[in-house]
Amino acid sequence: MNDTIKGRVSRRRLLNWAAALGALMTLPARAWATGSRPETAFDATALDQALMALGQTPTRHEGVIFTTPDIAENGAVVPIRVEVDQTVLPNVSKVSVLVEMNPNPLAAVFDIAPGTEVYIETRVKVAQTGNLYAVVESDGQLFMASRETKVTLGGCGG
Amino acid sequence: MAGRIKIRAQKKGELTEVKALMRHPMETGMRKDQAGESIPAHFITEVAVLHGDQTVMQAHWGAAVSANPFLGVRFQGGQSGDAVRVVWTDNQGGTGEGETTIR
Amino acid sequence: MRATLRRITLVVWIGVAPVAVSEDLASVIHASFSDSGQATLMRLEQDPLQQRCSQPRDERVDDDIAMALRQERLNAVVFPEDGNFLGDWQRGSAVAASGRGLQSNDDPSIANGGNCYACHQLAPTEVAYGTLGPSLTQYGLRGQSEAMLRYTWTKLWDTHAFNLCSHMPRFGAQKILTEQQLKDVMAFLLDPNSSVNQSAEGPSSAH
Amino acid sequence: MRRQSDDAMTLYRFVMMIPRWWLLLLMVVPALADEGIFDQYRDLMGDDNPAIFVIDEGEEFWVQSQGPSAVTLEACDLGLGAGVTRGAYAQFPRYFADTDRVMDIETRLLYCMETLQGRDREVIAAKPYSLRGDFGTELEALVTWLAAESEGMTIAPEQAHPKERAMYAMGEEIFFYRAGPHDFSCATCHEQSNKRIRLQQLPNLTEHTEVAEAYGSWPAYRMSQGLVRTMGWRLQDCFRQQRWPGLIFGSEVSIALQTYMAVNAAGGVMTAPGLKR
């Protein structure tokens, strides 16, 4: 990471930032429709509940390309990637990531602007071995892919 | 103190690839400290990636995103020298911001 | 050079065995640690076996003292009073999986684990196993003859009775596991129904 | 005899019962069981290491005026002269005439905080490392930055002074010292190559290449803890898992073992801060 900047924020920058946040609130409405935070889905304590709260039961679709490790070195940090084959799933506006065995399965929802690739990388916590789900919204319909990730115990006192 | 962000933004053909690391504990609220006291929930709830003044992606996060979160996204239309910003807010009212230019 | 020096030291040790550690080293070690929960400074005192085994692997020699020590360990093994070696394999499976116990931060009122998976492959469905010890998958194929039961019990109770200076803990002799836990681990190894003695179920579980 | 051949027959039958796809699996499993088991995970992780924040924080602590004397640490002598940070980490542990003892970088930093800034050594030594729920300590940050100041440099601990050589010899003795209810020494896990504990690869710390790679990658960001940990912490936590009492920060045993590892690693390259499970 050579090309980085420090984010320590001076008062002046903070003011700039407040302006940016203002812009963030108003701009998207003009450019594209971002969803509000799906609180009910985040509060859900079971996978079915969380999926229901996202709108409808998603259909499995090969166009959702979901990459997770088969075995994670540690459950606290599990790298994941969600991509979509846009020739079969066009106009994707939303990507959600769920972890079946977590106390609250919904981990993250990404609102995608038109022109943004459907390509999300992040790292999530996985409480124990189980399925991870990627759910995408394409033309108002929900599609998903799932993958099992094994979470392993550490060595000496695990 | 506002949280720090490290960002790389690189032109890859038609696309601009953004990779960001954010300095944040992402506490779930379910852990206890050494003394047995509950550690309060403290996690980023909203993140946005902006190209110039256009939001290319906005995310809603729960506490299941890992500590010191990593985010990678790709968008079309960026030019070398354009500004890319990542901003976040957390459940305790904290904020973070980072900015870089596309290489 | 250093290895040669060590070997000379070793010869001296054996001559006056088993006074191994210089007072200097012992006092440095004592001054470098502090009581922490159940892990007190008492634990730094070496017994004769620990003294004897504090050498690099490739510098251990098999001599009369080693033979005597082995015999002493063998004589000290306590077999189950009721003559019953085999407990519940499922409980044994849990003992094998748990690595907690006897650390400074462990609650002494909760049973210790055996942490077998740290070093051994056991049930083939568990992929997170260590390789410091040999694989024990399909251990039950060795049968349940009296000799096999006594051999296995002895290995668990005090491995040094057969293999002096082995890296494995003395689960019985050092009271890491209770007699009942040892019986359960015995069943985990030897019961034909135990997961140790099954084959992995299919692509997804072995994956 | 009878028994043995029965067993052999059972084994033979068992092998013959295995369907073909199962044989394929048998070929796959050993491959997974090897070092490469986390390759896929590591590939997906990439090299974005959150320790990058801690490096910045350490540099800021270095130039921050603190303590009754209200001065920075910039006059601290880490062995290469007052204020020289570049390459200093790679030469620790080393003998310092001003204290007449061999010091590791962590105790040297405390010495500077005490002598330059007038801070209470005991207070800092009482909590050098993060506890659960913390987000890093000053010492962790300083050590991380200083390790980054040696990135790419050759590990070259001093061994000229008799006390430095004595420290190495003591470290070697301690490495093999078995004690505690489990009879564990450092060597129990770290004197053989190509061994794992659960799925974690164990470095052979008596072998140059492996100890160089291991020693040179600390301090490291521990993903399981969301924190950067230092070599001093690593040793404390090893002894906890060895079922020994608590290793005292800056103790002779801690410095002796660091000397043992650093000298065995000499000639290797500093790659810290690492990214570990």
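Each chain gets a letter, A, B, C and D, in the order it is written, and its residues are counted from 1.
We adopt the following convention: contacts are C-beta pairs under 8 Å (C-beta built on N, C-alpha and C of every residue); 3 or more make two chains touch, one makes a residue touch a chain.
The structure presented is a predicted model; accordingly, all values stated were derived computationally and were not measured.
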Shared chain contacts [chain A and chain C, defined touch]: D
B-D or C-D - the one linked by more C-beta pairs in contact: C-D
Rounded Å distance, chain C centre to chain D centre (Cα mean): 26
Between chain C and chain B, distance of the C-alpha-averaged centres to the nearest whole Å: 48
Separation of mean Cα positions, chain D and chain B [Å, integer]: 30
Intercentroid distance (Cα basis), chain D paired with chain A, Å: 34
Multi-chain contact residues (two or more partners), chain D: 46, 48, 52, 56, 189, 197-199, 223, 226, 240-241
Chain C, residues touching no fewer than two other chains: 103, 117-118, 127-128, 130, 207
Of all residues in chain A, the ones touching two or more other chains: 1, 4, 6, 70-71, 76-79, 81, 123, 152-153, 155-158
Touching pairs - complete list by chain label: A-B, A-C, A-D, B-D, C-D
Residues of chain C that touch chain A when the two form their complex: 99-100, 103, 106, 115, 117-118, 127-128, 130, 204, 207
In the complex with chain C, residue positions of chain D that touch it: 3, 7, 10-11, 18, 21-22, 25, 28-29, 32-33, 170, 172-174, 176-185, 187-189, 191-192, 194-199, 202, 206, 239-241, 243-248, 251-254, 256
Interfacial residue positions of chain A with respect to chain C in the complex: 70-71, 148, 150, 152-153, 155-158
Parts of chain D lying in touch with chain B, wherever the complex brings them together: 46, 48, 50, 52-53, 56, 131-133, 135, 223, 226
Touching residues on chain B, where the partner in the complex is chain D: 4, 6, 19, 21, 23, 25-27, 31-34, 39, 66-68, 70
